[in-house]
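Taking it in order: structure first as structure tokens, then the write-up.
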Amino acid sequence: MSMPSWAPKPWVLFAFAGALVLLALVPLVNSDAYWHNLFTLTFLSITAALAWNWLGGLLGQVSFGHAAMVGVGGFVAARLQVSSHVPMLVAWGVGGVIAGLYALVWGHPTLRLRGPYFSIATIGVGEATRLICTYWSWLTGGSSGMSIPVHPALKFQLYWYGLGLAALALIASFALRRSPLGLSLLAIKSDVDAAGDVGVSSTRLQDLVLFLSGMTMGICGGFYGSFFSFIEPGDLFGFERSISYVLMGVIGGIGTIAGPALGAIVFIVLQQSLIAHYSQLYLGLYGLFLLLVILFEPLGLVGLALRVMKKPIEEQP
Amino acid sequence: MIRAEGLVKRYGGLRAVDGVTFKLEPGQILGLIGPNGAGKSTCFAMLAGSTPPTEGRVFLGDEELTGLPAFRAARAGVVRTHQIVRPFAHLTLLENCTVAAVQCAKLGHKGADTFAREMLRFAGLDARRNDLPAALTLAGRKRLEMARALSCAPKVLLLDEVIAGVNPAEAQEMGTLILRARDERKVSIVMTEHVMPAVMRLCEHVVVLDAGKLIASGKPKEVVQEPAVIAAYLGKARANAG
Amino acid sequence: MIDLLFSAVLLAGLYAMMAYGLGIIYGVLRIVNLGHGGMIMVGAYAAFWMHEQFGLDPYLAIVPIAIASFFLGVGMYKLLVKRLPRGAAGGVQSLLLLFAVWLILRNTAYLLFTGNDQTLRTSYSTNSFHVATAYVSWNRLAVFGVAIVVLVGLHLLLTRTYLGKAIRAVAQNPSSCTLVGIPVERVYSVTFGLGTGLAAAAGVLGATLFSFNPGYGSSELLKSFVVVVLGGLGSVPGTALAALILAFVEVFSIKIMPSYLTAAVGFVLLVLVLVLRPGGLFGQRVLG
């Protein structure tokens, strides 16, 4: 027995490394601002969608309120940079940790709820967080938001930060899924009581995933603030944002390793191509895709791809 | 090995289990039998940690397990299977067992993988280790329950009606598997079962419950001849018929 | 003080009616209808459109809109919801499916009516009358009246008619129902239609009270959920009591915080209720 069953196949490793190198080199040959920014935004969405999937797909608890952590992380980072002149990356980190802790605060008691009830609670959490944080203008600058000054050179470099984040998130997704932790999470997802019967401590593991997922969303919030130099609570905490993560995750392939990344790419592509003439259409279009996925291809785009390549489907949504 | 003292479980006004005491010796296969509704599953649940006893205590050797949540009981070495099979649908057979090995048997990932394969081989499922449980028949899934429980490297195995619901040939094989588990894997076993031939064949000692109370204890052949036991089983039938 | 009291009571009527649409679907089909908010929005826009196009008074429009929404709901059930596994396995899937329906409904409303806030003003929208020291708007009273009529009618339907008994039987034990010849699938589709019809009717009433846009319905969905979880399933007195509690909390919290935060009160209440008191006021469990 050479390689353990959970190690990545060699060609996957090569493809991943190759893609990383290529993507890293793109800005050096092409200085088109539009594509540069689009790619950066895509890396950000990939990271967020993957982080959402750790809770939604691996643990099986679909959150409709994940924007709450993006907002918390984003505004903490912004406030730190603006009021205390904390360096950008440190601010992102602190924002991330606080967002992760916030996720624990609401998530730990709420994860006792199963399935749809947890999801409904997350809608409440997301919206309550938005309203309360909008009111708490010390943190957020009220409904008019906050500006974060970012040096233009640094802004250009955000591309590579984004690429790095996305790569880390993908590696983390892979490691999570294939590691004993991932197996335990899927066991909890399958049958939480039976998981306990074979020694899985579900509360501890759920807390871990909550924190990791929340922290990553928080870091994304910080990134978002630095990228746009301006954030407002209605957008960062918004229900639309939370919905987008659900859509990216489920349409891409909930529970799969890279599905949400695919979902994020398609989401952004669609959003960009419709923005010119049919800017409000994409949400409804995505609703239609979601419908089709749920009815016909529960593993989303990944499932579709596996089917087309006639590979066995080793996952279940 | 495992000792239950004065176990009581109350649900509101109902005493599902009313003062049950028994002992499992190391290397023994103990049968827990009784008519429907006697409290066997509830006893089981209290031993495994699925539900805490209202009164009474549970010991594993000298260690007290009373009221510990299921995952702690499992890590201490008391693992149960389920009457209605509960495989991890999202994991392959191998992964089902690897999880157990990692969490209970405290093995590293690679070691757990190896041990899990060994248990699957023991249960005759190694060839299908990369399948999802949905691909198995009921008998296959019952074997998976066994293999997964054994992957925990338990000291005590609690088998909840593993034999019921499969055809006679499979039942015979399950029985052999249980005996091999005791001999090769060195586990002590408590099993509840309705299928009497299996009880006769496998259990060295039997404990009979009726309406939450322990009414008999001893060798299977002797116990089933006791008037109290016969009355318990037939009494229900007579009451239902009359 | 007195007018706050009146406001709360009258609002409770609307909340109770909205919640019932959600509750009956959950109670019988064990499905959380995330499209509930969408149907409320549909009712509001339908009333608006009928008023703009034909000058039809919303209180008259309720009946045809409710009926049309009933059939829409039946269609939704037969085409979409039916295909999914019921129970624990299908829980999140049906949630996502109905969520998708909501997105589509929202976008359709956006395309047809734009995203601007709309209001439904009738000649009597602002009329009110005096009771003790308070002003009570006729409109709110009428909304309350309709809600009471509907709820009483529902109660009678569920307790006195064959359909109602069939619905309650299916809610308790679907497999036994097939044994005694109750057409379970038909009960499911009728119940789903009832739920959507109620939601749309509530939307019509809501349109007479509040302004709305395609996003209308999302906080109503959550409030309905609070009422359902607090009040227990299918229990009319429970629903009524829970609706009163919610309405009171909302109305009186306006005294202590800015108006847009009062919505947050509802959301926080929702999370608290789900986590702390999943058994509802009358002891029915919502956990798993």
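All chains are identified by letter, namely A, B and C, in their written order; residue positions are counted from 1 within each chain.
Just so it is clear, contacts are C-beta pairs under 8 Å (C-beta built on N, C-alpha and C of every residue); 3 or more make two chains touch, one makes a residue touch a chain.
A quick note: this is a predicted structure, and the numbers were derived from the prediction, not measured.
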item: Among all chain pairs, the one with the most C-beta contacts; value: A-C
item: Greatest separation from chain B - chain, by CA centre; value: C
item: Chain whose Cα centroid lies nearest the overall Cα centroid; value: A
item: Centroid spacing, where centroids are CA-atom means, of chain A and chain B in whole angstrom; value: 42
item: CA centroid of chain A to CA centroid of chain C, Å; value: 32
item: Chain centre separation in whole Å, for chain C relative to chain B (CA means); value: 47
item: Footprint of chain A on chain B - complex, ascending; value: 48-50, 69-71, 74-75, 79-80, 82, 86-92, 94-96, 98-100, 102-104, 109-110, 112-113, 130, 132, 134, 148-149, 151-152
item: Partner chain A, residues of chain C touching it in the complex; value: 32, 80, 83-84, 88, 91-97, 99-104, 106-108, 110-111, 115, 218-219, 221-222, 225, 258, 260-261, 263-264, 267-268, 270-271, 274-275, 278, 286-288
item: List of chain A residues in touch with chain B within their complex; value: 4-6, 179-180, 183-184, 186-187, 189-191, 193-202, 255, 314-316
item: Chain C-touching residues of chain A, taken from the complex the two chains share; value: 60, 62, 64, 106, 109-110, 112-117, 119-121, 123-125, 127-128, 131-132, 134-135, 239, 243, 246, 250, 280-281, 283-288, 290-291, 294-295, 298, 317
